[in-house]
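Each of the next two complexes has subunit A plus one more chain, namely subunit B in the first and subunit C in the second.
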Partner chain A sequence: MKWYQSRSLVIGAALSALFVLAALVSLVWTPFNYETLDIPNKLQRPGSLHWFGTDHFGRDIFSMIMAGARISLAVAVLAVGIGMGIGVPLGLWAAARSGGWLDEFIMRGNDLVFAFPSLVIAILITATFGPGAVNAIIAIGIFNIPVFARLTRGAALGLWERDFILAARVASKSRLRISVEHVLPNITSLLIVQGTISSALASWPRPVSPTSGSGRSRRAKLGPDAGRCADARHPCFASGAHPRPSHRGDRAGPQPDGRRLARSDGPAHPGGAPMTLLAVENLSVDIHGTPVLRDVGLTLDKGQIVALTGESGSGKSMTSLSIMGLLPQGATARGRVLLEGVDLLTRTEPQLCALRGRAMGMIFQEPMTALNPVHSIGRQVAETIRIHTALPRAEAREQAAAMLDRVGLPAHRFALSRFPHELSGGQRQRVGLAMAIALRPRLLIADEPTTALDVTTQAQILDLLQGLVADFGMGLLLITHDLAVVSQIADRIVVMQKGAVVEHGATRALLAEQRHPYSRMLIGAARVG
Partner chain B sequence: MNLAPRPAAVPLLSVTGVARDYIHRTGLFGRATRFRALQDVTFTLHRGERLGLVGESGCGKSTLTRALLGLDPVQEGSITLDGAPVFTDHHANTAVRRRMQVVFQDPYGSFNPRHRVDRLITEPFHLLDHPPQGRARAAAVAEALEAVGMAASDAEKFIHEFSGGQRQRIAIARALIIKPDVIVFDEAVSALDVSVRAQVLDLLADLCRRTPLSYLFVSHDLSVVRSVTDRVMVMQAGRIVEAGPTEAVLTAPTHPYTRALIAAAPVLPDPQRPPHEPASAP
Partner chain C sequence: MIGYALRRLASLIASLVVASLVIFTVIEIIPGDPAAYMLGMNAQPDTLAALRAELGLDMPKPQRYLTWVGGMLRGDFGISYTYRTPVSRMIADRLWVSLPLAIYALVLSTAIAFPAGIYAASRRGKMADVTVMGATQLGVAVPNFWFAMILVLVFAINLGWFSAGGFAGWDEGYWAVMRSLTLPALALALPQAAILTRVMRSSLLDMLGEDFIRTARAKGLSARQTLWRHALRNAMIPVLTILGLQFAFLLAGSIIIEQVFSLPGLGRLVFQAISARDLIVVESVVMLLVFAVITVNFAVDLAYALVDPRLRARR
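And now, the complex of A and B:
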């Protein structure tokens, strides 16, 4: 997309250009002299002569705005320029020497500026150098330095851990050079946003009074930290109960008894034949008109493990998201997804929300993304329970402890007060699992649950999954690209390629003989690897 | 997979009695405690040898890799390449470093998204005193890309235009471009799909047949190591607990930890043999 095709960019650029133009033109021409008092014509309405009217002293408001734009612009550009020009290099330097005395020195210096009341500094500067726009600019600029230094350091620290920086270090590039070549280009978008906010705040106050001007920078100070803490991860997401504006909400189907689904706990069909838990029939999904799934069909019985396999991009995850009703915006689904005979595709978002977590749970590849890093594991599991039931806090906590115990994290060794970062990858996956099965869902979807783990941990998690399926009588849909992983525990295998099911069958039969060339290739690859 | 035959043993990379400590401080005035991540690690990588290193996460593989590359100092022991230390007074030894390259695990994180492929893979040129310029540089880029099965014209593209497997090929091209003596593959195929992984491993075997490479292949997955190494070391809690020819270690492991690792690795059941237990499919 060319830049002029972006509507918001064009409108924004036009407004900014108008502002700059007004400031520039005011240097040579304004409709009236903005300082000339004209008391008889005070408080005039906007009209052909005075476009924006006049003020209490009869001065032309439009002329004043044009002249004022000049000062506002200067303050914005220069104050942010000072902040960025000094703050960004300081932040980059601190990040490159992270943990060293230089880092400490720079950051504690920043804290000093932060801690010092901005009003006092502004008064100090004004008292020393006299009032005026230049001094206001300097004062605001000084307060912008730590804002940019902190922002830059925070963003740069994250980058220093990345492999491409490591690769540059292996190439013996100096820290300075890496900062300029690799770190800076990758944080520009962040700096541009902060710069825009800071300049807006800097130019906001009338710069005639430096005190009010510098006071603004205090507000700007909130910028970087507030932004960084924003976290979309919600504890209920691990159980799939993620509220999401529905594209389906407006065509609600008949209102069935959602409760029947949610309540029938455990083996609800005593003595009966194994009932089909999940049936996906002719499921086709388009995203903005591009087909991503074509006529996908699969069935899953209670207590059964079905592996859904294929390469990345084959539609495995899209199938699981369709089942959970978590398709991305712009996606439309056709066909039927029957969970115990009820078509999920016709459910409204609130109905689905009640089902997720209760009737179906989900665990993901990277357990850390499903856990909230600032909440303890006990709290996260308990919260999942409390979202769906009216249990009192203490009881929910008790249940959470029992559930964590069931997944192999007994409370005497793994206190409920532990945080996700204090656990290993396998232990985090166990927490994710505890959240997903806390309400004993009858369908569990595991999306590459062991791909991020090493072999021994993988074996333990697979073992645990198998045990849970047997104990709870759940149906497990196991999504993986690695056939070897599932060959030991899956009852049936469904092979997908390019959004369609190309082969399915009982595990042993499918491994013994593959009819489709793609399955043959996939199994061949697993044998070589 | 067929690797080329191994040439006669000439020591290239020597690791002797290496120990690496991390210092933990608990609380503001808490006492600093030492955590020994590597203990008495000793091995030799010979010229033309393909050496594997396996162990679970947290066993010290990455710590060893970082020490080998001269990114971190070690507290005891020495790491030398052809007799020259990789780390000398607080800095990595540039003369040694230009003879070593690395391929990282994450095909998405190991490239600067803002640079084009041609700039990305020529980064190691920074190590050379007289890096090729102009036409020679373009020729080197084309040669490296073609060696890994990519097109010379890919040099103009950005990294986001490539799939995970292609990115890992580009990472290998970056490692090959200065023709290093030793390449360290740090979990280089762990993030790839099985079929893509097989292609990358094929590429590696293919490269070995064309030019003798010496490398250390670090992985948590024994089955991967099996196909691309002559010799393998098994690491547990910072120590090397077993080492030997790959096939011998994998078929007749002596250390219990190796046996546990092998038992944990999932394998496709052999369809020729009758099943031990009937599958519970309806």
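And now, the complex of A and C:
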């Protein structure tokens, strides 16, 4: 929670309270009778007697505002009440019976009601049945029903796919019970947001979109620190020991992303043996002051596969993100991450951009979401090439096709123009791999690359990884909690627990004998299971 | 893609049929006989009957519905009860004001909202973001007629750059039309731009949290490049939805702005027609507006499919 968020809450609450207070007080007292005409005193300026002045009939404007607040408040609350009271159950029902006639009916009805200009209808209703707050409330309330029905349905539909709902369905709870007990509580916050916006707009009919208030404030995994990493094509990394200041980020203090990159003052350590590709030394990471990694160390040689293993939350992924320089906002890294002897933690953001994708590539756990759904696979693989080299588009596509072929997606069966949604999870993971290795990086980081795949596909992807390491002479840092994977292809194993490395060694030796009780437990558990 | 378009087209026609039925029924329910209204309190029964026959009010309801719909398909909207002129010509005159105004306002709103939303998203949590969000909060909260009055005060009365009201007419040339429409378009656009900015920002931020953004960063794209090349296009779907809704609103909902600037637009036409019980005009204008909204939504649906390949393949 940032300071201004809570401050806006305070301001908002104060203003709302003022508004409600004015409405309530007006029931028993206003400075003047707001209906009393006082023509001689018309159009007065604000003063000590008439705080906001008077209108052209001499009525006290402040009193009229207080009384008006009462009506606005009633219209807002009741109209939104009608909308929510009818719309939310309809939306829940439609989501529970998704695809059924009711669902279809609600959605089409919705389109229709949206199609009618609400202000025109409101005028029509008042013209027909006479003006008055009650008619206004009914008119606005009716137009709020589809807004809430649609919003509720949309949010609830997503939930019906979730595991905890599936679990409830397996436990053969009725759809009604699931809707009330599981779906409704999970969409309350969304409804509150829309409810407030609708109330605010209720006395002023204008189209309230179902999405305008649904700002799902999911925290971005990456800070949108646009503009910092200016031109990634400059291989500024090559400029050696004197990092060129980034042309925008050359201010003192925090580095891009709000990350403070500090160099440890620990024992001077030589930049690693000549064969060492990656050396992580005393890496500690804090996120908003909470330590997540403590003195992590590991090394990786060219052509070697090192498995980083441990239970979830042990810091495996955080270690890999530190190497890539893609830590979340608010994270601080200390220690050294040496890629071929160069400390990545001291690189500026543009320098890191030049390294990512060229010197080091990474693939992620979720192939289903790791690719951009609106770009073709050829374009996404070629992008890695185009961003780092000056190759023309056609040549980049050719290289992309070759790389896709290498990962098992030959162009005659998987055209470059295909989109991710046309591929299976295993095929998408191959695309992700082609993107990561398109420029033959020296280091490949694979974060749980097979976890989301079925067993047969897992074996194929592991085979592919092993073949690529042998062909390209890459170093592979394989992050996995799956010891079966580890024992098959890793040369060395590093075991992490609670943000620290507890044991490391050659695969065979470590699997045969564990010194640390946690490793024993981890490997024992894998054997039983 | 073709199949998708055809399905949407079928749905569009079905919606139009249902909408026309609803409008016809509502107008039927509304109390008051237009013929009686036109002739006043002391009309003779036989005069009344003659007028009812002339207006076609004595036909059975299904036949009247079909006559109305059939006429509209041929561009014949009937004769106004009060003005005794063809409704189609009345609507056409007003449309030449309302349509340019709506398009002008939409262009302004987009021109303000896109840069502001993208800028706020790229500076999330920073001072610039907070400032933009504060401004949009104000834009959503302040009614557009207030903006209108302030704009008139500053740009028409004090600076004299634009006209304070009235419509010059197309015969006077583009510049005269621009002078008449700029302030109303701006007043309409500001609140719309505020909403659009918020949608743009929140949609972009949602997208920036997606896995494929991290993948793009791992490829070596800078944060700015990922925003422009990967997040923006994916973020367009909700933005397009709002744009469609806003256009529909701008076409029909500018009654108050038209009043403030005394513009002879559709909104004022329907307002006057409702007050005068000129139900055939109300019926036709509402149908036309519904038609516009449904058509715009159809166009938006097609635009979705252009933006998102997944929709092209769906069902």
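One rule holds for everything that comes next: the second predicted complex is superposed on the first by the 354 of 529 C-alpha atoms of A that agree within 3 Å, B and C clash if a C-alpha of one lies under 4 Å from a C-alpha of the other, contacts with A are read in each partner's own complex, and residues count from 1 in each chain.
Quick note on the criterion: a contact is a pair of C-beta atoms (placed from the backbone, for glycine too) under 8 Å apart; a residue touches a chain by one contact, two chains touch by 3 or more.
All values derive from a computational prediction rather than experimental measurement.
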item	value
Touching partner for A:Phe116 - first (subunit B), second (subunit C), both, neither	second
Touching partner for A:Gly47 - first (subunit B), second (subunit C), both, neither	neither
Contacts of A:Ser487 with subunit B and subunit C, given as first, second, both or neither	first
Partner chain in contact with A:Arg108 - subunit B first, subunit C second, else both or neither	second
Subunit B versus subunit C as contact partner of A:Pro410, first or second or both or neither	neither
Contacts of A:Cys353 with subunit B and subunit C, given as first, second, both or neither	second
Subunit C - residues contacting subunit A, complex	11, 14-15, 18-19, 22, 26, 30-31, 121-125, 130, 140-141, 143, 191, 195, 198-199, 202-206, 208-227, 229-230, 233-234, 238, 241-242, 245-246, 248-249, 251-253, 255, 267, 270-271, 274-275, 282, 285-286, 289-290, 293-294, 297, 307-310, 313
Residues of subunit B touching subunit A in the complex	1, 56-58, 69, 71, 92, 94, 97-98, 100-102, 104-106, 109-114, 123-127, 164, 174, 193-198, 201, 220-224, 227, 260-261, 263-269, 271, 275, 279-282
Footprint of subunit B on subunit A - complex, ascending	162-164, 166-173, 181-182, 185-186, 274, 301, 304, 311-312, 424-425, 453-459, 462, 481-485, 487-488, 491-492, 506-508, 511-513, 521-529
Residues of subunit A touching subunit C in the complex	2, 4, 108, 111-112, 114-120, 123-124, 127-128, 200, 204-207, 209, 211-212, 214-232, 324, 326, 349-350, 353-358, 361-362, 364, 366, 369-376, 383-384, 387-388, 419, 421-422, 432, 435-436
